[in-house]
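Some structures are shown below for you to check.
Presented sequentially are two complexes of chain A, the first with chain B as partner and the second with chain C.
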Partner chain A sequence: MGSDVLFQVMRYDPRRDVEPYWAEYPVAVDDGDTVLMGLMRIREDIDGSLAFRASCRSGICGSDGMVINGRSRLACKTQVAAVVSDRGRVVLEPLRNLRYVKDLVVDQTPFWQKFRRVEPYLMPEEPRSAAERPMVLPQAEFDRLSKASDCIFCEICYSECPINGVDRGFLGPQALIKAFRFEFDPRDDGAAARYAPLSNVEGAWRCRTTFNCTDSCPKGIPITEGIQRLKRKLVGELLSGMQPAYRTPMPVESPEETSS
Partner chain B sequence: MTAAGGQAWETLRHDVLVIGAGGAGLRAAVAVSEVGLSVGVVSKSLLGKAHTVMAEGGVAAALGHLDAEDSPDVHFRDTMKSGHFVNSARMAELLTAEAPERVWELERWGAVFDRTPAGQILQRAFGAHSYRRLCHVGDHTGKELLRTLQNRVTQLGVAFYPEVIVTRLFRDDSGMAGALAYRRVDGRFVLLRAPAIVLATGGWGRVYAVTSNSWESTGDGTALAFAAGADLMDMEMVQFHPTGMVWPPGVRGLLVTEGVRGEGGILLNAQGRRFMADYDPKRMELSSRDVVARAIYQEVQAGRGTPHGGARLDITARGAAFISRKLPSMRAQFLALADVDITREAMEVAPTCHYMMGGVRVDPDTCATRVPGLFAAGEVAAGLHGANRLGGNSLADLLVFGKRAGDAAARFAAASVHLPVVAASEIEEEVARVLAPLRQPLGPSPYGLHSALQEVMTRCGGIVRSGPGLQNGLQQVLEMQERAARLAAPGGTLYNPGWNLALELDAMLLLGEAILRSALERTESRGAHYRTDFPEEDAAWGKQNVVITRDRGGSPSLRTVPVAAVTPQQQRVLAPLTQDVTGRAPS
Partner chain C sequence: MDQGIKVRPATGLKRHPAQTLATYRTGTWAWMLHRVTGLLVLGYLYFHLIVLSSDVWMSGPADFNRVVGELTSPPFILADLALFVVVLYHALNGIRIMLFDLGYGIHRQREWFWGLMAVGALLMVAASAALLPLAHL
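And then the complex of A and B:
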């Protein structure tokens, strides 16, 4: 093919530009080329300072999420040919719902703070000694967890979630699916510790089941379903008298980076 | 805050600083944190993005769940044989003895490996492993391993500094003093003070044009260690994985997991012949990586390659259900990136630069370099894999030696009695060096120079080498090093990838030189190192490693050192190999 496709890229360096602006680059594109390949060519041939995150180029590391022709997607898994038809060009913007840093880069700090808030690690029923062999885990249990564990922290669900757009305190789909992954692990006993951050107006209950996260997830994780199962589990814990009602809002954390 | 040449730097202090947040770095951080010391982890990228996530096939550990005959001893023999006996027997012994516990520990921390019908960890066959040995999670084992460690460091509250680039290490009289770095998101400098530093910065596959590596794999840590006075070893040993994608061009080099062959995939040339029968009829597709990679290369050279210059890898015989279950990422990768359904069609594959066996020379037990207080673990370190790495040994490596490096660094830091000091003048000098590419009005583009380096390394220092080619490549790389002094990176310090690449190129040019010089020195063929002018193994070279030391002027100086002696106990374990015609008997 080798034809030129117009890439329209949002550029912004807060130290040099008054406000974000559109830059247009004609890019030679071959059959099978991804949006990421086009960005690499712009950076190599036209402007070496163009900022975007990318690492593995194969949809495994989840670094190159961006808004491509109006939808959040991974640049390395999006074929130019698949998106160019709707607007006749490739339009690139940074992910939504996070502070803008430069060009196609956003500040991911709140996203990671929320991940940490759900205590995303296995809390075994009882401390296991180093000498103990691992427990037996049936394949069916494994399959359910494995899918949730497939998350690549790409932030696409967070960018597409309408609740994250209007409520900066909402934990968001990514943190909630991580909580699901451990809450439904038969080896885990962390429900009491996770109840407070999850059963909260900024936690699982804030989800309005728009399915944007599920629809946009590049790994095909059924995030919405996971969040609803979390809600059901929280209701069970409430009704069984294990936990208090969820009225108290969580304190809002500062968006500044913490060191841990 | 301290003023430095109009700049300012922030100072942070930890007992141990870990550079790199892949498997080895995070495992080291867990080890330090578990003994109650303060540890800081810096990473070029965000948490969980490191190249470890791309490891597909599995982690080699002789659990013997499927083949009860397997044992750490057999794993040790396989590792030594595959390394062509220039690897460290002590490192291989530690790896194979400790890998099972490191795997079980991951499950205690929440990992979910694939299961046997009885619910135990499932293990798969892999090239040149005597038994089914690789514990795996589908074909995304590295991702699950890194996630588990990521969750563990989160639980332990380890300090993590994302998108921070270290440019220099500082020493003082009794150990390390710290590292200077800058933050990508604001361009600010940070002085990280610590008496002990663990390097876990991975490999440098990006010196080659076709590589399976992430964009981070530029060898920064190796160059940092060398500049601080550490030795490099086995730099000529570069693993080319036999099966990388070849089409379309944007994904050239991306890995096609050895798991495809482990699960029954066969290699065919353009004429439909299963050509491995001509190269290694006994092990066929599951021969060692160097043998399979050269076989594909030679088939293509002989005119029997596919249209895009590769071989066909066919697993369709196993059926769609099996393939979708065991190789889901591969199926998705080929569908999304190449529009090929691997349950119905063969894949097109060719060798791709995959792994560096060489790197920083370390003590086998502690991962200590010869610089007091500086440790190295994982791909950045040399010794374990010798002339060829076994698949699955890399994930085992970063768990076993990540922990060992963390333990040793923690002991070193706990024993250190003074607060290390870095002179302001040293920092100011380094800040000026780092900012130079931004202040060059005109000069070569780092992107252009990088492409030129990749082209030369691929042509002169690739899968098949020769003396004249290596000489020619070395000359060109030395010229590029002069050009690199004038690199220009327009733009500011805020998230500027061109500036970043200009600094990475310093490392890549040094490591390119080191590969070519070491390959020239080793006048034989062994494992991954193949020379057309010396096509046979030479028994004398089988007792030597090539080591590079930094001389007083800062230039690389080569020497050979004897391969570490094998103990009588190791000798007994290796004895069965003396009956095997395909493996050279150890001396």
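And then the complex of A and C:
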């Protein structure tokens, strides 16, 4: 039946610990068990003080993003057998590029701030009641936006992006793919409002097409492609005189500054 | 707390979230090498302009010919080959980046990278065949 796998987990409580340390938990794992199931077993049977986020356990809520054996992944979508090392070990760390709160939990504040900055909602030309004008999206248009709509806000792209690692102000892949989702919606007329945060040294132009986001997205969203299409749209708006050239970076609080 | 839990010090852990080499894949290496080769080419440009235009060591046609003669000596031929690697990488990956900017090949970014690197390797073989005889190795 089950075999023992050693879960090597980064533990850190900034209020108590001087620095992070590794804790190793032997966990009995069955075939097909996910990393999240192992973590729940640790919390229920071995050490109740271990902190991690999780909710739906089926890759929909996007809560349990963490660094598993060096790569950011969803713990509920990653089977232990797929990542366990030859020495029977699984190494777990919190997501990168976000401040540690406790153990595997990170402070998501900058991620959500940046998401809101791109005004991620439909801005119709003239708000009318649904009865006057049904907001129908043709099937072909929906298919083009469907993948970008699949985002579950798990922050894995944000954690894997090396630009987010060196530049705390960069909007990040998730905010940009969400901007893409609305900028390319034929019912939307929010280009003017989104131009400032997007066409900016900390916006779409900061993307260096490293493809880490696309490679790591658990929902398979072609994020880099969306960001590149966004860039071409912004160039078009600039060249056609629709928009002025913006140069001022949007101020973003760094994760360090958002600590309570 | 006696179920086989072991605690050990923080080897390799930082007190703040950080990027590690584990995040590097094809696209990230391509970007990082593009940056490094770009800086090397920029550095070479300054070197090139200073060496060939400074009157500190050149005061006439004879001096110029002497300096150019030294620059075609075997060690500099080998340095030229190294420069060719750097320029070639930057140029070929630059093509890849421009294709992505124009919206082509973005779903085949790895294939484009390795394909262009193969082209670069062939061009390096040709450059070596042309330059190495001059180095009298």
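The rule we apply is simple: the second predicted complex is superposed on the first by the 243 of 260 C-alpha atoms of A that agree within 3 Å, B and C clash if a C-alpha of one lies under 4 Å from a C-alpha of the other, contacts with A are read in each partner's own complex, and residues count from 1 in each chain.
One rule holds for everything that comes next: a contact is a pair of C-beta atoms (placed from the backbone, for glycine too) under 8 Å apart; a residue touches a chain by one contact, two chains touch by 3 or more.
Every value quoted in this text rests on a predicted model; they were computed, and no experiment measured them.
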Partner chain in contact with A:145 - chain B first, chain C second, else both or neither: first
Which of chain B and chain C A:182 touches, first, second, both or neither: first
First (chain B), second (chain C), both or neither touched by A:162: second
Broader residue contact with chain A after superposition on the shared chain, chain B or chain C: B
Touched partner set for A:204, first chain B, second chain C, both or neither: neither
Partner chain in contact with A:68 - chain B first, chain C second, else both or neither: neither
Which superposed partner A:99 touches (first chain B, second chain C, both, neither): second
Which superposed partner A:37 touches (first chain B, second chain C, both, neither): first
Doubly contacted chain A residues - partners chain C and chain B: 45
For the chain B and chain A complex, residues of the former touching the latter: 12, 45-51, 53-54, 101, 104-105, 107-110, 112, 114-115, 117-121, 137-138, 140, 143-144, 147, 151-152, 154-155, 157-162, 185, 214-216, 247-251, 254, 329, 332-333, 336-339, 445-448, 451, 489-492, 494-499, 501
Contact footprint of chain B on chain A as seen in their complex: 13-16, 30-34, 36-37, 43-45, 48-63, 77, 101-103, 105, 107-108, 112, 115-116, 119-122, 124, 128, 130, 132-139, 142, 145-146, 149-150, 152-153, 182, 185, 187-188, 259-260
Residues of chain C defined as touching chain A within the complex: 1, 3-11, 13-20, 22-28, 30-31, 97, 100-101, 103, 106-107, 109
Chain C-touching residues of chain A, taken from the complex the two chains share: 10-12, 19-26, 45-47, 67, 70-71, 93-100, 106, 159-160, 162, 165-166, 208-212, 215, 222, 224-225, 228-229, 231-232, 255-256
